[in-house]
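To start, the structure under review is shown below, and the notes come after it.
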Amino acid sequence: MRVGMLTSGGDCQSLNATMRGVAKTLYNQRKDVEIIGFIEGYRGLIYEDYRIMKSKDFSGILTNGGTILGTSRQPFKLMRVPDENGLDKVEAMKNTYKKLKLDCLVVLGGNGSQKTTNLLRQEGLNVIGLPKTIDNDLWGTDVTFGFQSAINLATQTIDCIHTTAASHGRVFIVEIMGHKVGWLTLHAGIAGGADIILVPEIPYDINKVAAAVNKRAKEGKRFSIIAVAEGAISKEQAALSKKEYKKYIATRQYPSISYEIGAKISELTGQEVRVAVPGHMQRGGSPCPYDRVLSTRLGAAAGKMILDGEFGYLVGMKNNHIAKIPLADVAGKLKMIQPDDEMVQEAKLMGISFGD
Amino acid sequence: MRVGMLTSGGDCQSLNATMRGVAKTLYNQRKDVEIIGFIEGYRGLIYEDYRIMKSKDFSGILTNGGTILGTSRQPFKLMRVPDENGLDKVEAMKNTYKKLKLDCLVVLGGNGSQKTTNLLRQEGLNVIGLPKTIDNDLWGTDVTFGFQSAINLATQTIDCIHTTAASHGRVFIVEIMGHKVGWLTLHAGIAGGADIILVPEIPYDINKVAAAVNKRAKEGKRFSIIAVAEGAISKEQAALSKKEYKKYIATRQYPSISYEIGAKISELTGQEVRVAVPGHMQRGGSPCPYDRVLSTRLGAAAGKMILDGEFGYLVGMKNNHIAKIPLADVAGKLKMIQPDDEMVQEAKLMGISFGD
Amino acid sequence: MRVGMLTSGGDCQSLNATMRGVAKTLYNQRKDVEIIGFIEGYRGLIYEDYRIMKSKDFSGILTNGGTILGTSRQPFKLMRVPDENGLDKVEAMKNTYKKLKLDCLVVLGGNGSQKTTNLLRQEGLNVIGLPKTIDNDLWGTDVTFGFQSAINLATQTIDCIHTTAASHGRVFIVEIMGHKVGWLTLHAGIAGGADIILVPEIPYDINKVAAAVNKRAKEGKRFSIIAVAEGAISKEQAALSKKEYKKYIATRQYPSISYEIGAKISELTGQEVRVAVPGHMQRGGSPCPYDRVLSTRLGAAAGKMILDGEFGYLVGMKNNHIAKIPLADVAGKLKMIQPDDEMVQEAKLMGISFGD
Amino acid sequence: MRVGMLTSGGDCQSLNATMRGVAKTLYNQRKDVEIIGFIEGYRGLIYEDYRIMKSKDFSGILTNGGTILGTSRQPFKLMRVPDENGLDKVEAMKNTYKKLKLDCLVVLGGNGSQKTTNLLRQEGLNVIGLPKTIDNDLWGTDVTFGFQSAINLATQTIDCIHTTAASHGRVFIVEIMGHKVGWLTLHAGIAGGADIILVPEIPYDINKVAAAVNKRAKEGKRFSIIAVAEGAISKEQAALSKKEYKKYIATRQYPSISYEIGAKISELTGQEVRVAVPGHMQRGGSPCPYDRVLSTRLGAAAGKMILDGEFGYLVGMKNNHIAKIPLADVAGKLKMIQPDDEMVQEAKLMGISFGD
């Protein structure tokens, strides 16, 4: 039995732990297993760049961040476009799969990557997807690996900012990863005790944000913490056409939305405002125990499915149980915060403002 | 509106965060709220030891471990037994409740404490329970606060032991909290990459444990990590009558089961064995972001229920949603690992031994 | 005995631990001590904003970040300039000191703040300085509190970036606090395994930086980590007059030097470059054990000096012993990295480039 | 140039970082270097068990705990005793050294291991020692690697115990590693805010310890934290002859001194006392940034000395500078806490009791 494996898209904390789960299950259940690791995601599959993995390659990697296979971004929309040498990428991937006599290809990837996994499924390959993303935006699974580790790092940043904000009596904006969805900002914001949380799914009114800061000042609270998702958007911006919004982004005088919000809040409240942008560190470092357990479970379940010949699924979690979600259902959908989300409602009860 | 609050039983990491969630919700929703904090759990309720809490008492405590109210163990089975001065404790609690004109009593407690909460419910008081325990053994809720923080600390201990075990080529036993249930050991064991996991619900055969160690040695792995719950039990011990088991415990020549297992493994395998007992530190320190989010959500939901006049429930989580579990259903039941537990099966697929 | 205390300038991690050390020593040695805490640094001293501290105010604050007294920046060069109401600030501080019948004023502050402490000494007040700064740039002491905690946070950022850089095969620039001195960048850079370290004291040649990146690429190392101090400066910039340099900073098209370096490295090497700016979080959060020990020692030594009537000193560490450095010697001097610094030489031996 | 390397004795956190420092320096300075890694300390040198290390073996290990070479304890006093097959170990080590044509042997080890290093020096080998120990008890160097990382873990344990002790109003004893010296307990005790610190160098009077607990209780402090070194000793025990003390240890009814102290304190004060024994985890896990910097510096300095042909030294730190301490001076001496130690005096000023 020969199983191909690759990690695709932006990296996150628990990729190695997940691959270890798959590998340990396969090696433990069958003697005749060979795992082929493709280098740097789909690039390795397209260009036959791979190495044959041994059992010991998966030892001692449970706690290691990053991915031992490397990764790269191979946009789905370019998959059908030939490369600079005229190579048909989809055919190339199919050829590699056949040439190496793979019984299955396991893809650890996020939303975009799983679209390609589904494409390969449609092309007749045996594929299994595993939900990698700090954004937790994969449709069909309650949770993705990397998410909790990223929450921990983003929350730690807010914790650190908290003491300096309180000491100086400042308004602090912490920009948290998430261009299209706000799960990471929502969780880290609540965990870090943010006073205001701005996410892409809930466009904000800058005056309401300023009012929330002023309300705290009036109550004698000298500082405020605002957790802002990278993709936070004002009501005015949300009302723009796609073209107009792109133009706005292109001509914006601030490096990111946080700085724009910061400038306006400073103007509207008269308070000193600072911005912190932890950035890529949110997807790095060692996976937290929660993610290690999740990854191990998902990996073991994927291993079992390979042994049972069940293909075409994303392996996720539904209601604390392993769930097999047809890749056809997953591809192209995003799991976003709904306006009536329970957690948002609870946060509002406590007085946290979403600026809406 | 007057709301009583107390923390009961062994402390854990997210008690303050939970109380903050309740308090912030109440203060934010109504102007006329007064919160009475009872000192050291039911002791404070019995003996009228309390202080009136202000809004600012709940500020800045989100990340603080322990409990600002203090706690004590007041065994359920002694509740109906008068104290040394002949005081009827149940009547005393009811009197305090009435005297202070409470509209509701909120109890943060584990299995034993919630039995008393249910007793007070039966006596006609308005009560709400919140699921505090690092053991995650409360019936009716998928998860309890304190659990994930304890997993993190227990896992960190295994991580640290891992490097020293590997360097010295030793067998290491890490004893993890949990007298009756093994959830904490199961999660930390998997997160820490333990090779063998022994929990109370799955009695072990010492020869199978030794065989698992020997198998690793034969594969060239110079060390093994065994995660053992405090309440781990051998098949022979599990077959004893209650009386016989108590006698065994009383006359055991080892400080705990881990040392007994260690001595036997050393004898059966000829390998050097060491035991680590992190102990109470597992329930201490700052709550992790997961627990802070959980506690904030449970607290806000409890606050809402108080405002809505919904009493008699434990507030927990079911399938990622807030759940109201009738206290009558919760009291006296333990949520234990079932032999066919999904996670146990996944771990076995990967070659982790449970000694059974 | 009445002792005034204030925290001045940018906050850091171990301010509370230091004040606790002073206070515990005073309360433990004399019954008649009263401590006056000035609110928000010299502002509180100028405007008589203070509170009388009790022994218990200093309990439980050893591990808390920030400062319980608040802080503010009161630039030394404005001290002799009257405020908007014509108030003479220096006279106001002296008046407060006298009015409150202080026996001594303890100032926790960095380079700028200690200049003011020295000014008050010259004006006849009994003062003691304590070396607060994450920059470790105070002249006369080997180490300052906050420094090691900031190293830990900056290093953690590099650690997290390391895994994502390695997975993606990217060049990553991590911008570390330090406008004038590079100690924090030097230590965190070495601790984080940075390949290139750029500090203000050693102007860089961008071509040598690019060459170091290319050398690694040639050796098959797909990624490089560059630790850059906020105040890193190129040889060309270092050759500018003060006026020209200010103009360059004012008209620079990048938010900070890191982005400028990033753009040039990308151009010169053809590699993908990303920038991470952890920012203010480096001065926040709980102090590390090293800083807690240092702060406790410095605080206790300061307490002893107050009891002994020894004033006019900065309390620091010299060769692992407490040192009393005359404030007159400290004021206005910076402790900078010397070109022949032992640590720089050791780093170079190992192949770390400083771009010089 | 051929350089042998081994790690000896109990492992600690920064062994890999130190070896990396040596190796990177050698590889960077000379093309013709070959490093021989002996497996499991002196055992590998005696029995010719080694592997030839490549440059990439030292990549990515800066943050890894344990030792990539493995370690074992080879007591100095048995070095002159032939093994079970009659092999003369010292001759065997010399033979291996000559056979492999080594130019130098680098030994990472603590007090006992460096005695053997000195023996090999006396036998004419070129040796360099590096100070490995969490105990910080190596004579001649201010600090050893592993020490600060162990402080961090021991302090974290005290931090966690602190919240649970405070919540329950209990006396907690935390047993910290250190049989002969108390540096680790002293530093972690102060960093963790312990109220009482008991170290081997300062025999305690149990009545004074109990008095310190009672004093706190009288001041309304419901809990006390006692940091106890493994080798803490009472005045009575200190007065015993070596033989009598050994007999006492052999017949002691408690697993360790902490339990004995706990039982007596409970008896003398009437308070509930608990004991926590973090154990071996104190020497495990990833090295902290402080140790990584220290290890890198010491390693680079050792590399330089090899290149310069300077042998027979332990490479340590004196007054923040690299120091070359003749191994002849180091062997057999322990650096212990002196009764008039500055830090002990400072702690006493603040009211911390040493039970003396």
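First chain written, first letter: the chains are A, B, C and D, and each begins at residue 1.
The rule we apply is simple: a contact is a pair of C-beta atoms (placed from the backbone, for glycine too) under 8 Å apart; a residue touches a chain by one contact, two chains touch by 3 or more.
Here's who's who by UniProt: A, B, C, D = ATP-dependent 6-phosphofructokinase.
Predicted, not measured: the structure shown is a model, and the values here were computed from it.
K.L.:
Touching both subunit A and subunit D, which chains are there?
P.N.:
B, C
K.L.:
Any idea if subunit C and subunit D meet via the same residues, over half in common, or different ones?
P.N.:
Mostly the same residues.
K.L.:
Specify the chain most distant from subunit B by Cα centroid.
P.N.:
C
K.L.:
Suppose each chain is reduced to the average of its Cα coordinates; what separation in Å results between subunit C and subunit D?
P.N.:
31
K.L.:
Taking each chain's centre as the mean of its CA atoms, how far is subunit B from subunit C in angstrom?
P.N.:
About 42 Å separates the centre of subunit B from that of subunit C.
K.L.:
Distance from the CA centroid of subunit B to that of subunit D, rounded to the nearest Å?
P.N.:
Each chain's C-alpha centroid was found; their separation is 35 Å.
K.L.:
Any chance you could list the residues of subunit B touching two or more other chains?
P.N.:
Residues 159, 166 of subunit B each touch two or more of the other chains.
K.L.:
Identify every two-chain combination in which the chains touch.
P.N.:
A-B, A-C, B-D, C-D
K.L.:
Which residues of subunit C touch subunit A in their complex?
P.N.:
Counting only subunit C, the residues touching subunit A are 7, 10-11, 13, 15, 40, 64-67, 70-72, 153, 156-157, 159-164, 166-169, 172, 222, 255, 274-285.
K.L.:
Show me the residue ranges of subunit A that touch subunit B in the complex, using the header's touch definition.
P.N.:
Against subunit B, the touching part of subunit A is residues 21, 24-25, 28-29, 60, 62-63, 142, 148, 151-152, 155, 159, 166, 187-188, 190-193, 288-290, 292-293, 296-297, 300-301, 303-304, 319-322, 342-343, 346-347, 349-351.
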